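Below, chain A partners chain B and then partners chain C, in two separate complexes.
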Partner chain A sequence: MKNQEKHSINKLDNSRKRSKWALNYQKQCQEDLKKVGMPSRNAEYWKFASPNLWENTGLIPVSGKNFPKNDTQYLENKPEYYVEFVDGIIDPVTLQNLKKKLKECEISNFEESVCDQFHWANKLLGKAETKARKSYERPFALLNGGGSSQGIFLNCKESPRKPIHIFYSGEIEEKVNIRHLLKINCNAELHIIEHFSGNANYNVVTEGFLDSTSILNHNRLVSRFLRNSIITHFFINCMESSVVKTIGITLNNGAVRNETFLNLEGSQCDVTLAGLGVGRNQSSICDNSVFVAHLENSCKSRQIIKNVLTQGAKAVFQGKIYVDPKAQKTDGYQMSNGLILDEKSNFLVKPELEIYADDVICSHGSTSGSLNMEHLFYLKSRGISTNEARKILVEAFLEEVIEEISDLEFSKFVRKEIQDTLI
Partner chain B sequence: MLVIKDLKVKISEVDKDIIQGFNLKINSGEVHAIMGPNGSGKSTLSHAICGKEGYEITGGNINLEGRSILDLEPQDRATKGIFLAFQYPLEIPGVGNLSFMRTALNSQKKARQEKELNPAEFLKLVKEKASHLSVDMEMLKRPLNVGFSGGEKKRNEILQMALLEPKLCILDETDSGLDVDAMRQVSQGVNALRSPNRSFLIITHYQRLLNHIKPDYVHIMVSGRIIKTGGPDLALQVEEKGYGHLIANQKN
Partner chain C sequence: MSNVYTEAKKGIDPGTIDSVNSLKEDYKYGFSTEIDMDYAPKGISEEIVKLISKKNLEPEWMLTWRLEAYQRWTKMFEPDWPMLKYEKIDYQDQYYYAKPKSLKERPKSLADVEPALLETYAKLGIPLKEQEFLAGVVGAEYASANAKPKVAVDAVFDSVSVGTTFKDELAKLGIIFCSISEAIHSHPELVRKYIGTVVPRSDNYFATLNSAVFSDGSFVYIPEGVKCPMELSTYFRINAENTGQFERTLIIADKDSQVSYLEGCTAPMRDTNQLHAAVVELVALDNADIKYSTVQNWYPGDKNGNGGIYNFVTKRADCRGVRSKVMWTQIETGSAVTWKYPSCILRGDYSQGEFYSVAIANNYQQADTGTKMTHLGRGTRSRIVSKGISAGKAQNTYRGLVNIHPKAVDSRNFTQCDSLLIGNKCGAHTVPYIENKNSSSRTEHEATTSKIDDDQLFYCLQRGIGEEDAVALIVNGFCKEVLQALPMEFALEAQKLVAISLEGSVG
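The block that comes next holds the complex of A and B.
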């Protein structure tokens, strides 16, 4: 984006006055943060990966040259629906184009939404976050709520034909707060694909509200080109028979924490959370903290986490399934697998089940181990080199997560990115 | 083709030679069968020839076409023309059967500085080879050996053999877990690959496989070495009298 355009947005931001509901929310976040404070290493959900990793604005060294300036430059074809954040600021041209093309959704940027007294978001902003804070405090989300000025608010009334891509890129090394709000109406299906790259330290909060029988498909790619840390919050509230599938792909070498809260308020919801990470050095920390709250009967949840770790990389998975006394016939599943390729790397897992109903199926499991030597020999005995055989087995290990991606073009792209990351 | 001279092999975890002074010569085009009771070292021999990690050569040599292969990695031995059809082909979820076979074939071609096959060329080749073994596209598209029946796994091994066109094929108890029809089908696949330039080493417990794949020589292996060599009749003798009879004769 040209500097002039960027400047003009900032000017516009400062010239408009936020509505009371938005100001109240912002103030509440700031006050709550004062009470709660930033997390310490002793906090239960931060004991495996220090919160300092996400407070530090310093650059994490990353090897490699000639990084593309943004993700759209390394995609073969630009997607039909996309919006771009450059240095944490929404590119107005991409937003305008998206608004023009996407008739099925009402879209506005953060600032114009919060300045509109009667905006649909006034009843929703912060509501999923408040519910998520009941499980445990989310100080970084409060930090975001108290300081964000960028993001998109999207009200999905009918199903767009194709996924909406959100690109994050840029060169500045600042902290960036981005806030998204999604509302998906009855029977609508929305597919969001996020691509993170660039130099910023991202703090992103996405709140999603699914009406009954709606579907949210969400993919997040933290690309190998992201040079700093990122913390994402994905707080989703599900009404009856809604479906969520969220898949995170983490390929960078910095600190990544994904806090996911799926609140199943309606019966017969079906949610899937899958995540894969490839950690290649000691700066690489991939932390997935997941809380699935089954509050009504007959809901199904699945969590699948896969991390490949080498050169002192670390991955953390803290996954909890909570089953309310009312949530009979719950079907909950959680599985995490770590593939540890050297002695310096760590896979730290804390699976939890908290069940208050008596007619449920809930299972969890976790494995960690190295490459299967018998498999390696089988491939080598066919003439495949050691390096290639190892790559094939690592990719095979991750395949279970990739298979969950419904958009074929994106899954093909992810496979290629993983292959390039493993070189 | 293959000359094994005074070979001694131990498994890393066990402080004892499993193969103890083993000698064998296989000329081009010949089919040799090795029979022996459990624990005689047959599978250890096949793994040692293929260079599996954990099998330590403590003496002797293995030459393929006049050159020692002991310092070669398994993949280099494969490229030189050695193929092992596994007793228990491994299931590897997440690895597509077809893409695995193409990677294997092209890895060998690349190492031999031959032209690699593009996906279309490979597909044409694999379809042609697969049709002889009743391997259909559905099987080729599945993950490698995952959910395959015993017969399907063994047919898949023979299909790989047909694609890679090795010089020396080692069949490690290929008959295990096969019903009569599956054994006939696998044997037909093997027989179709017999040629003056290709040798076979068939490891088996039972004579029945040798009814389908006629060997030139039958060797009886006991305690890590060959105690008797003969023609196909020797296998019939084993079937009739068991190994104990031969071992007793050897001691006398």
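The block that comes next holds the complex of A and C.
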């Protein structure tokens, strides 16, 4: 670990002249990381899946690469709005195109943003992360903050017509830090779709700041072809009446950890978090750590987690609903379901509630088990083969998450991917 | 309602009814009795452990066992993971052994018994004949044998057991029911075989402390094929100031046997915190059935959070036999701090564990309680029903673990934990860990948190029921599932306790 830190600091010195606010933040992250240290295996939020799995994530990439076009992209036609990170480095051509096409948003890449002293992000960078760290420490986000040089800063002023896709592609197995910052102004609606299909070990931090009555729609898909380790952080701060919907689809065979923190600072927010994981072998670990903080009254939150596990796969869900004394009339809901298809797989969950207000409705549920034999029999008795019947039941089990996806094209694609994964 | 009450009245001795009726006080058991006590010096050290062992005239192996536990304890740290905030406990500022002096020589008749001791029993609602027996009067026959239902009582006063009733009648069936210090002498082979096998000395900080300094407790052995004809009951009371109570209970149910065991606890009002660290071990062999019910009513501290008992208890059942069954039922209304997780290790195939709990926290009380169900055998089943009620400035946490081992095929778990909040300064938390490592097993967990429904409250008020009574009624309805699991005598008392513990929490 020490080598990594050293490496990242050296790298920073070589980078272009950054403005004071960005340097301060980076320094702070490095200092805090030294204080906090990387998590141990016994740490409360790392008990179920060892932090060593993500040890190789998160270092700045070696710069000065050509941008080999990766044609293994699994969307046949490139969507209208997209930006691509090849081997962890933003492809300037895609960014230029996006800037030209997308008039509703102000977009800049990480480097140019942090060199601008008066950039709109100068008061925002790291603010959502600091709030998230109050729930529990996020050493991997600190590692990212101390050494990231890639990412996009997006200031959404009006609603773009179509979703913005972010592709992470590339062949080499690098350690990659990427940091995004999203700001969504009043009444705007933004839809972001992230595709992970590169071989790098990603450490991604996304901070989002939602003004009142804004909407953020976020989807994340981790390709079924990958075997690498990925850790993502999604820290969102919500003001009054804002709406967040974030859906993570994890189909790969590596270790994926998604840390989500939704800070409901305004009243009447409505947030939905859905997670879907298909684990197919022993190295496949899907870890969702969610913290929803209800700080104001009349907010609504919903969490739905579905995992299908075979061949010794492991799924972890650690979700917490926190309700502040001020947050009366809160409506919180959390459901995690595990479908275990063989003897070797594990489904480990810790659905927590921490409630300090009395006029609330909070409920959580968690189930795990195998396929219902009667359902299977019903289908078989109608002439469907065992394999086909199992597939139908598994797809039906996952459907609850898929139908949350609002972009039709994307949900169609996800359905197809899941079908292919289940073969 | 009234019907149930009168029906129940027929079967219960008047003492219990009176005690139930008189429960309408702030904290009924908050008297302290001035009795000449025989104290060991303050603090904990090897000498104290040796002294306790000597006072109980224990054999050598027991002393070694204690000393090893003590050595280990000195190297351990207090757990910091519970959601509890309390002042650091000074383990050197406690008495680890206190014994009423009058027990040194057994009294000849009731007249010789320290009157204060008798008064204590009277206040606790223990009938006179039983009092005589409990005070250890020589030749005191247990006369009220015809009263039904029968409850055999073992009372533990501070550090020592002061008497056990119905012993002879039980002995006819081969049942051993006595204090653990007595069992160490009379049945060393049983004690030695089972003690520390369910809760090992190295288990946790408080269990290890208990292993070193436990002074008394109850011992029950139900022989093969015997169904215990009466409820067995232990009564714990901390009387002396600055005294920790460390009792150890060991219950062994041999093949095809059945037993129902009740435990009640009280302590006087004091404005300093007192420590209570108990260990309960249950062993269920093939087809055995143990039902363990607790009404924990230790002094909870005053309205401002001063004083009260720190209750750190390790309770565990080992279902060793095939088709064995253990049922924990607990009503937790007392203690300033509760740290308690009655657990089941479902080792035997097709064994069953159940846990029913009501935890009520009012004023500044804090409760971190729940259960652990470890499924190891095939076809094991567990059911958890936990109801948490927080009022005033209290914090109530359910913390539980359901662990289904890969070899525990076809196992089932159902968990339900509901919380009720009364007032906006209290908190209710749920921290369940669910680990399913097996595809043929199923786990289900559901939890809800809500407040008292305004409509229900309005309905009651409209029919002329006062606000406090209405809340008590609704809360009792909320806990019904658990209260029903209690033996009848306890259920009535528990219902009243629920009402009392919530007094002053509305309006």
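Everything that follows uses one rule, which is that the second predicted complex is superposed on the first by the 391 of 423 C-alpha atoms of A that agree within 3 Å, B and C clash if a C-alpha of one lies under 4 Å from a C-alpha of the other, contacts with A are read in each partner's own complex, and residues count from 1 in each chain.
Convention: a residue touches a chain if its C-beta (ideal position, glycine included) is under 8 Å from a C-beta of that chain, and two chains touch if they have at least 3 such contacts.
Keep in mind that this is a model prediction, so the values were computed, not measured.
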Chain C versus chain B on the shared chain A, clash or fit after superposition: fit
First, second, both or neither for A:T421, with chain B first and chain C second: neither
Chain B versus chain C as contact partner of A:C362, first or second or both or neither: second
Touching partner for A:F347 - first (chain B), second (chain C), both, neither: second
First (chain B), second (chain C), both or neither touched by A:M373: first
Touched partner set for A:S385, first chain B, second chain C, both or neither: first
Of chain C and chain B, partner touching more chain A residues: C
First, second, both or neither for A:E44, with chain B first and chain C second: second
Chain B versus chain C as contact partner of A:P325, first or second or both or neither: second
Partner chain in contact with A:A396 - chain B first, chain C second, else both or neither: first
Three-chain overlay, closest Cα atoms of chain B and chain C, distance in Å: 13
Chain C-facing residues of chain A, complex: 44, 325, 328, 338, 340-370
Of all residues in chain A, those that touch chain B in their complex: 373-375, 377-386, 388-389, 392-393, 395-400
Chain A contact footprint on chain B (complex, rising order): 50, 52-53, 73-75, 78-79, 83-84, 86, 89-90, 92-95, 100, 103-105, 107-108, 111, 143, 160, 164
Chain A partner contacts - residues on chain C that touch it in the complex: 81, 406, 409, 419, 421-451
